[in-house]
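I'd like to ask you about the structure that follows.
By letter and in written order, the chains are A, B and C; residue numbering begins at 1 in each of them.
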Amino acid sequence: MIWQYIVNGLCAGALFGLTALGLSLIYNVTNVFHFAHGAVYTSAAYLLFLFACKTSIGAAPATILALTLAILLGVLMDRFFYAPLPAGVRRTVPIITSFGIYIVIVNLIALGFGNDTQILHPGVEKTFEIGPVIVTRIQAIQASVFALLFLLTALLLKFSRYGRLIRAVSDNRKLAEALGLDIKKARLLAFSYGSGLAAAAACLSALETGMDPYMGLAATLSAVVAMIFGGVRVFAAAAVGGVMLGVIQSLVTWQTSARWQSAVTFAILLVVLIFRPQGLFGAKKRLEEQ
Amino acid sequence: MFEIYLMLGLSLNLLLGYLGLLSLAHAVFYGVGAYISALLMIRLGMNFFFTLPFSALGCMVLALIIALPSLRLKDDYFMLATLAFQSLVFSIFYNWTSVTRGPYGITGIPSPQLFGYKVSEIWQFCVLGFIFSAAAIYVCKKIHASPFGRTLKAIRDDELLAVSLGKNAAKFKVSAFVIAGGIAAIAGAMIAPYISYIDPTCFALDESFFIITIIVIGGTGNLKGPVIGTFLILLIPEILRFLSIPDAAAANIRQIIYGLLLILMLRLRPQGILGEYGLNKILSPYAQT
Amino acid sequence: MLRLDHVTKHFGGVKAVDDVSLCFKEREISAIIGPNGAGKTTIFNLINGFLRPDSGEILFKTKPITGLPPRRIASCGMGRMFQDNRNFGTLTCLENILLAKKGNPGENPLNSFFAPGKVRRFENSNLKDARKWLDFVDLPNMENVPAGNLSYGQQKLLAFARLMAAEPEFLLLDEPSAGVNPTMIGHILNLIKRIVNDEGKTVVLIEHDMSVILKVTDLVYFMDDGRVRTFGTPEDVLADKRVHEAYLGI
């Protein structure tokens, strides 16, 4: 029994991990706490719904179109709302702005598609039995997409020119600026790649449980907890934190009931913030940097 | 309604306007105040007016707890801690069914009674609300003019400098939280008999954001801001109703207007319509760390 | 008045302050000089409690203050002016100074409601003192101007007035002359001399301007690499070969 819950948790956590990884990229590079990430997430799911169910272009082109438009949305948010904010502005401003963007987009979606849950993929899922555990086809896809994107992101960050740029800017923006690195390009990369990861997670989630306009906030809040839990300054930690959070939530459901999931999630956030603000895998900042 | 949101706006302004702290947990005080008052009335048959001190005290103690992270955490992390509190308390409202009846909410909250005189008509509630909000304005006005308020603003501008002058920043922050919690609790106690029914969704994260919207639109760091903010924000649904937009769409359109106003105000007039303190103030290089 | 005994502070592997002992006498103006990164500002941070020494002891008026929180050290009579201008930018000049006075009953919110007379009386005398300090630093027409709108030199004067209004016995001034024009420097030096001679304060400066050192100080410590290399009268220290090497590279 416990293995079933762990596997379910791993698959749910894979989605948190993707969203959190995107959020972490954006946060580290731009210092924006991007709650409107949730709007990108919701939009991706609804775009997929729009293209896959209302047109006849086929599943693969619909997915590609949805991902591309969601990425564009994320980039435009930065271009028009975050990038013009002056450096050194109180952090309150980008946070409230991002909530404003989130509210506007999500309510536009609700106006267009209604507040109710939409189902993308009706019917019974094919399942596999691996030992004592039952895995649905979608769960298998979720887990493998996560593994693939996680590896790809790690490789890109480590070895590609753009990955090095992102790491340099997030490590020390002032220094990177002084060295003449292209900060604008780093922002563009972070927002596009980060939004892409969230959009992928949204599409996978929509396949499994459908969508409603408010799915993005829940996903983003979980991603925030995952990012803080794992460690803000380490990209991989956000993804791992997401997977761990998924497993913990699933085990809470097993032991008590699903209603206590969010209470436990936010209790974790509080405990981590108070006792280990650098996260599980984050190193403590040196005193001079504080 | 106006008076209740005015009190919420005034109390949040103590934190956001005077201390520069973005708290996403303001609906917690509002909700806990409402639940304490409603439960005491229903379960113990207490008079509304006797429940007020309990509501206020309960929220003040809670404010003490919520203030603690603000002493250690800065900016984003403080905001996250309040977000966690908000979600945690919402979850408790929702799941502690033996006390709060969870999602079913508490129904049949009786009207306040004073010396046999029953407050049940809308205009009677307005008078009652007017008295309470006038008291809240009096308190906030005193604080605005007092050395206490001045030191709060100083801590907002440069906490280390204030500490180097011997100010106990922690004590000031906790005091502001406790006062804000108390005022918000009274607002909560008011809403319970006014709509005679409360459930957890009345006090969710959206509600915290709604209160922030009032302050950002109206203005931070003085008294006029929350007044004009509350007025404008509550005017919008009335205008929509006047334009006879169907109810289902009106809720979403209202939200969209609020969201757009938030973004535009922060961009064009970050101190709000009548505020004194621009939320966009550039921090000194020291205070940024 | 103030003594540091074998104080050491590491940052990671770097010894920012290494076994430093200093002694500052009452009613004297002392200075700490040295190249950038010598550990001067770190010493100030250790004295006023922003940093905690790894080892060693700090005695203020013969009482140990090592490891006390900064606000406690401040209330013992320690005042500090920062290297860069630091003011409460959105508050007016007058408010900046009104803030500084210690033991203000109005800072307890309850007193505004239950003892308004006490608050008002204190505030009235505070206002008189604050205006006196604004006059003292020659900023009398700036009362209602937000501190953030002042020029650099004026901000420095305001910071100085605020420091004085806090009535410290011991003043740590981090580069009071940096970034200020020569007339203003003369003005500030006069103020420093006046507070020592007339008010009986004790002052420690961090300074790079040698003419300032020669003009006002009684005792100079020269630091390099986190250690005190030499100390004595300003003339002696400035004549020292090591000081020349550090500053001129010869």
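Basically, a residue touches a chain if its C-beta (ideal position, glycine included) is under 8 Å from a C-beta of that chain, and two chains touch if they have at least 3 such contacts.
As the structure is a computational prediction, the values presented were derived from the model and not from experiment.
Colleague: So which chain ends up closest to the centre of the protein, judged by Cα positions averaged per chain?
Modeller: Answer by centroid distance: B.
Colleague: Going by the average position of its CA atoms, which chain sits the greatest distance from chain C?
Modeller: Ranked by distance of C-alpha centres from chain C, the top chain is A.
Colleague: So what's the Cα centroid distance for chain A and chain B, whole Å?
Modeller: 30
Colleague: Compute the distance, rounded to whole Å, between the mean C-alpha positions of chain A and chain C.
Modeller: A distance of 48 Å separates the two centres.
Colleague: Using CA atom averages as chain centres, what separation in Å is found between chain B and chain C?
Modeller: Result: the chain centres lie 40 Å from each other.
Colleague: Where does chain A touch two or more other chains at once, residue-wise?
Modeller: In chain A, nothing touches at least two other chains.
Colleague: Name the residues of chain B that each touch 2 or more other chains.
Modeller: Residues 281, 285.
Colleague: Can you list the chain B residues touching chain C in their complex?
Modeller: Where chain B meets chain C, its residues are 139, 142-143, 145-148, 150-151, 153-154, 156-158, 160-169, 172, 175, 179, 221, 276-277, 281, 284-286.
Colleague: What part of chain B is in contact with chain A in the complex they form?
Modeller: 16, 20, 22, 69, 72-73, 75-77, 79-81, 83-85, 87-88, 91-92, 94-95, 205, 209, 212, 216, 249, 252-253, 255-256, 258-263, 266-267, 270, 279-283, 285, 288-289
Colleague: Residues of chain A touching chain B in their complex?
Modeller: Residue positions touching the partner: 33, 81, 84-86, 88-93, 95-97, 99-104, 106-108, 110-111, 217, 221, 224, 228, 259-260, 262-263, 265-267, 269-270, 273-274, 277, 290.
Colleague: Over in the complex, which chain C residues touch chain B? Could you list them?
Modeller: 48, 50, 69-72, 74-75, 79-80, 82, 84, 86-91, 95-96, 98-100, 102, 104, 106-109, 112-113, 119, 123, 162, 166
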